[in-house]
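Same chain, two partners: chain A is paired with chain B first, then with chain C.
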Partner chain A sequence: MSAAPHLVISGVSKRFGAATVLDRVDLTIRRGELVTLLGPSGCGKTTLLRAIAGLAPPDGGTIALAGRDVTHVPPHRRNVGVVFQSYALFPHLTVAGNVAFGLKVRGAPKAEIDRAVERALSLVKLGHLGSRRISALSGGQQQRVALARAIAVEPDVLLFDEALSALDRKLREEMQVELRRLLQEVKATAIFVTHDQDEALTMSDRVAVMNKGRIEQLAEPRELYARPASLFALNFVGLSTRIAGQVVGGSNGTVEVVTPVGRLSARGAFQPGASVIVATRPEQLRLGTGDGANSAAGRVRSVVFQGSRTLVDVDAGAGASLLAELSGREAELPRVHDEVRFAWPVAETFAFAAEAS
Partner chain B sequence: MMTRTAIIICWTLAIGLALFLLLPLVVIAAASFSPTPVFDLPLSGASTRWYGRIGRLDGFWPSLSLSLQIAVLSTALSLVAGTLAAIAIARGRLPGATALGTLLVSPLMMPGLVLGIALLQYFRMIGFTATWSALLVAHLVVTLPYVARTMIAGLSRFDFTLIEAARTLGCTYAGSVLRVMVPALAPSFLISGLFSLLASFDNYPVSIFLTDVRSKTLPIRMLQYIEEAPDPTLAALSTLILAGTLVLLLISDRLVGLHRMAGTAD
Partner chain C sequence: MTDAVLPAPIVKAAPDRERLAAFGFVAPSVLIIALVFVLPLALLLGVSVLDPKGGVTVAHYARLLGTPYYLGVIWNSLRLGLLTTLIAFLISYPAAFALARARGALRSILLATLFLPLAASVIVKAFAWTILLRSDGLINTVLIAVGIIEDPIRMIFTQTALIVGAVNIFLPFMVLPIYAVVAQLDGRYAEAAATLGASPLVVFFRVILPLTLPGIIAGVALVFSLSVSAYVVPTLLIGEKYPTLATTIAKAYLLAREPGFGAAAGVVLLAIAIIVVALSAMLSREPK
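Now for the complex of A and B:
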């Protein structure tokens, strides 16, 4: 992975009527990087992908791909590959015909087309199905053909628009791993659009969490999970315990917050009196009081066994609840209605400004 | 036992129905080769002399020419107008698109006689008396619904993402339409054209009100012949029309496949 910027999006905006769908988005992607645009529907992630593909030119800002300003270049002269949610395979062509389409349009010589088609189909493990009709394929196979078709033209960037969402869960999880390996093998630069956090964490080198037409946080999956930059990012990726409170003091990047479950310390910088949400990840919670740690008590509301882990939901009173994830090796798991006390490290506790809503 | 009986009954009915529908065609074809003016079974030999007489029928060539002109032109115009209308209805955000679609197809549900009388009165009222043009317009009313209905159905099943896919693969917009949309819609195009052509060519109830002594379409001319001299010449002509239709169907089958045209595949 070289450090040279490969795709540079700066200040890209898009409006549909009165609605701002993209609000001055900046994003720089390196060659060979796999980046996911993650967010709820309507956050602008698909619009951004379509802007990169040239299917929906932005109203403002610029997009540069492989050192060339492509902001106003039509899609057919951009050299991008798109895998659509519906796959958009051409029903009147065979599997090989679909994969060859891009090269044929570019007027490549027949021998070269045949080689590229064979290579692309063997990459997606469909080498034996070239002469099949599209309608004779399963959903998973169609997905692979769509991928082969996009790869065959050796695009500067591969774009995936919810490309795995039509597959059933088991197949989707297999494809995530296989796709990541395959993309790394051909050294592709790729952008995925998805609302599935597992897909984002599995597939990408970096994840851009999008909300209301903006990128809220751009980070590696591990960092995104451990250090969410906003309440939205915290909520969208992974589970968390969230308790509302008021800041009463603090220093050195740590604030003291009064909450219904007691006084808690959290990372963050707020003025006294500010309304904040104090949050932590479920696996940080441990049974007991802990030394110099945050802690809170309550009555167990539910215990959900999930194989390698067990989720414990605790009613901490005054509308607050704690969510703890305990590993299967825990000596003794609490039962419903038990009175328990949990503790968690201050370093893993975050304070976010409470949203007006 | 029950199912076996049911299957036998079903097949008997199906074969009986097919025979009932197709036998008249066989009879007309057989009659066209009758050596005598009066058709009689069993045939006492075969003759092609009636075929030779078709061309000498009074006013045959002008009528054939008129019918072909009107059929081909109304079909061509219907294909263009019907496809464009179907795109607007199936794709556009047109207010009242559904109502417009129903309106376009509505002449199909109207008895031809009513349509013919209505058009005659209307054309007289507005002073539109040129026979040829009046016939063309009337046939457009008849053929447009076939095209509009088939194309709306075809387009509503067409995934416009295919065009976007083609564009990202290197096609211009026009190129994408040509390489992706046209092949995908070819069956709809062909079947609606075929329907339209046949609907115009054998239309009687609407044409009868709009033709005059000098310009008669073929079906009207044929009815006149049968009143004047009912001999096997008409059977020969009918057989030729039947053969022509078969050839059209065979060509269509070669081009896109009848199973696709009937919408039974994919």
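Now for the complex of A and C:
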């Protein structure tokens, strides 16, 4: 993967009436990279994608694609591929007719079109269905025709808007893996919109977490999970234990926080007196009282067995709760109503400013 | 990953007894259709070839297709049908999009202006046009009063009056079927086509037009068959100068007492309507 910026979005804003749907979004994507836009419903993911495609020009900011400023270029001169949630396959054309459409309107010679159609259809494993009507395809097949149609023109960037959400869960999980393999095979640069965090973590090189028209964090899946940049990012990706408290001191990027479950140390820089949320991931919690670690005690509220792991929810008193993920092999799993003590490393404990709400 | 397998058709060959039962259910409607539509047609065909003196004759058809006058009559009907259909289509197609795009009260008002005239009889509407177009009619009176013209313009009993009236009267039958299709059209198709490199013009001809064809065909079929066989409209708006198959049929039955000739003209009219409607449906097929 080369490091050259391929798609550069700077300061893109979009308003619908009084509502600011995109608020000065910056996003740079490298050639061949697969980036996911992850965020709750209404945060502006589709709007950003449509701005990139040219279907909804932004009110402010610029978009550059493959070294060309395309901010005011109409969609048909942008060379982007879009896979819509509803697929939008042309019902009056066959499978092959749909895939050929982009090349036909570009006036490519017939032999070249045939070759490209065959290649695109075989990439999505639909080589034998070229002459089918769209209405005679299953949902999964339609999804792949939509993909073949988009990649047949070799776009500079492929945009997927919740492209898998219409499929049932099993098919969706298969497609996630297959799609990632396929996109790497054709060396596509792609943006994937989803509000499914598992899909985001599975599919992408980097994830952009969006909230209220802004990108809160742009990071690789591992880093996003292990080092969330904000309370929103923490909440949106994965499970966590969160305890509210007040900063009483600290140094060197570590703060001391007084909480209902006792004094805890966390990474972060806050002035004494600040209201913060102290958080950690469930798999950091271990039974016992680790040395020099954070620890808290409580009564087990529920134990949920999930195969290779077990989730333990502990009532730590004063409205605080601890969520621990223990591996299935752990010798003695606690039972409901047991009194337990958990410890977790300070290095994996974060402090975030408590949201004023 | 394997392809999702399409379910096999669930309709199996029904046992004879079930088929018999199914036939029992549709039999009444088949009977009614036969009585109401097929029987009169058969009668019409029969009368057109039966010689009152006994035997079978094609004399009526020979007269229709062999006389320059009657060929002119056929051409008049065809012209009326084609021109009305073409102009109605050119007006209706953009109108249907405007209608589909309109929101709220505006849409209701526009739809009402289309639907309400359907409640009035054709005769009333044709007369309304004569009132507008007469030499002492509304348009001439206003134009003279305002001083734009000095002498009344001759508008009634011209071909222009005929076509304008026919288009106006049959317009809803073109707009409504097209509107029904356009209103259902998913805007994503045009967007998908644009992202694939199609300019707005290409989007229109390769996506919008083919997807709205079913509505166009329905509208063309309706308006052509209505206007090619229109009787009241040419009678009131142009009269004797423009004999059509429909007015010829009426004359044959009412004045000349030639039912055989009238029936033959009826068959020719029907054949024209069927051929044009079938042709338009065939031409509209997406070429492979």
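In the analysis below, the second predicted complex is superposed on the first by the 357 of 357 C-alpha atoms of A that agree within 3 Å, B and C clash if a C-alpha of one lies under 4 Å from a C-alpha of the other, contacts with A are read in each partner's own complex, and residues count from 1 in each chain.
Assume contacts are C-beta pairs under 8 Å (C-beta built on N, C-alpha and C of every residue); 3 or more make two chains touch, one makes a residue touch a chain.
Here the structure is a predicted model, which is why all the values come from computation and not from measurement.
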item	value
Combined model on chain A where chain B meets chain C, clash or fit	clash
Touched partner set for A:Lys125, first chain B, second chain C, both or neither	second
Partner chain(s) touched by A:Val105 [first = chain B, second = chain C, both, neither]	both
First, second, both or neither for A:Ala88, with chain B first and chain C second	both
Contacts of A:Leu171 with chain B and chain C, given as first, second, both or neither	second
Which superposed partner A:Gly44 touches (first chain B, second chain C, both, neither)	neither
Touching partner for A:Ser135 - first (chain B), second (chain C), both, neither	first
Contacts of A:Gly245 with chain B and chain C, given as first, second, both or neither	neither
Contacts of A:Ala53 with chain B and chain C, given as first, second, both or neither	both
Contacts of A:Arg149 with chain B and chain C, given as first, second, both or neither	both
Residue contacts on chain A - larger count, chain B or chain C	C
Of the stretches 7-15, 151-159 or 223-231 belonging to chain C, the one that collides with chain B	223-231
Intersection of the chain A residues that touch chain B with those that touch chain C	53-55, 74-78, 80-82, 84, 86, 88-92, 101-102, 105-106, 149, 153
Touch list for chain A against partner chain C, complex	53-55, 74-82, 84, 86, 88-93, 101-102, 105-106, 125-126, 136, 138-141, 149-150, 153, 171, 174-175, 178
Contact footprint of chain B on chain A as seen in their complex	53-55, 74-78, 80-82, 84, 86, 88-92, 101-102, 105-106, 135, 149, 153
Contacting residues of chain C [partner chain A, same complex]	1, 3-4, 6, 186, 188-189, 191-200, 202-203, 206-207, 210-211, 213, 286
Chain A partner contacts - residues on chain B that touch it in the complex	159, 161-162, 164-173, 175, 179-180, 183-184, 186, 265-266
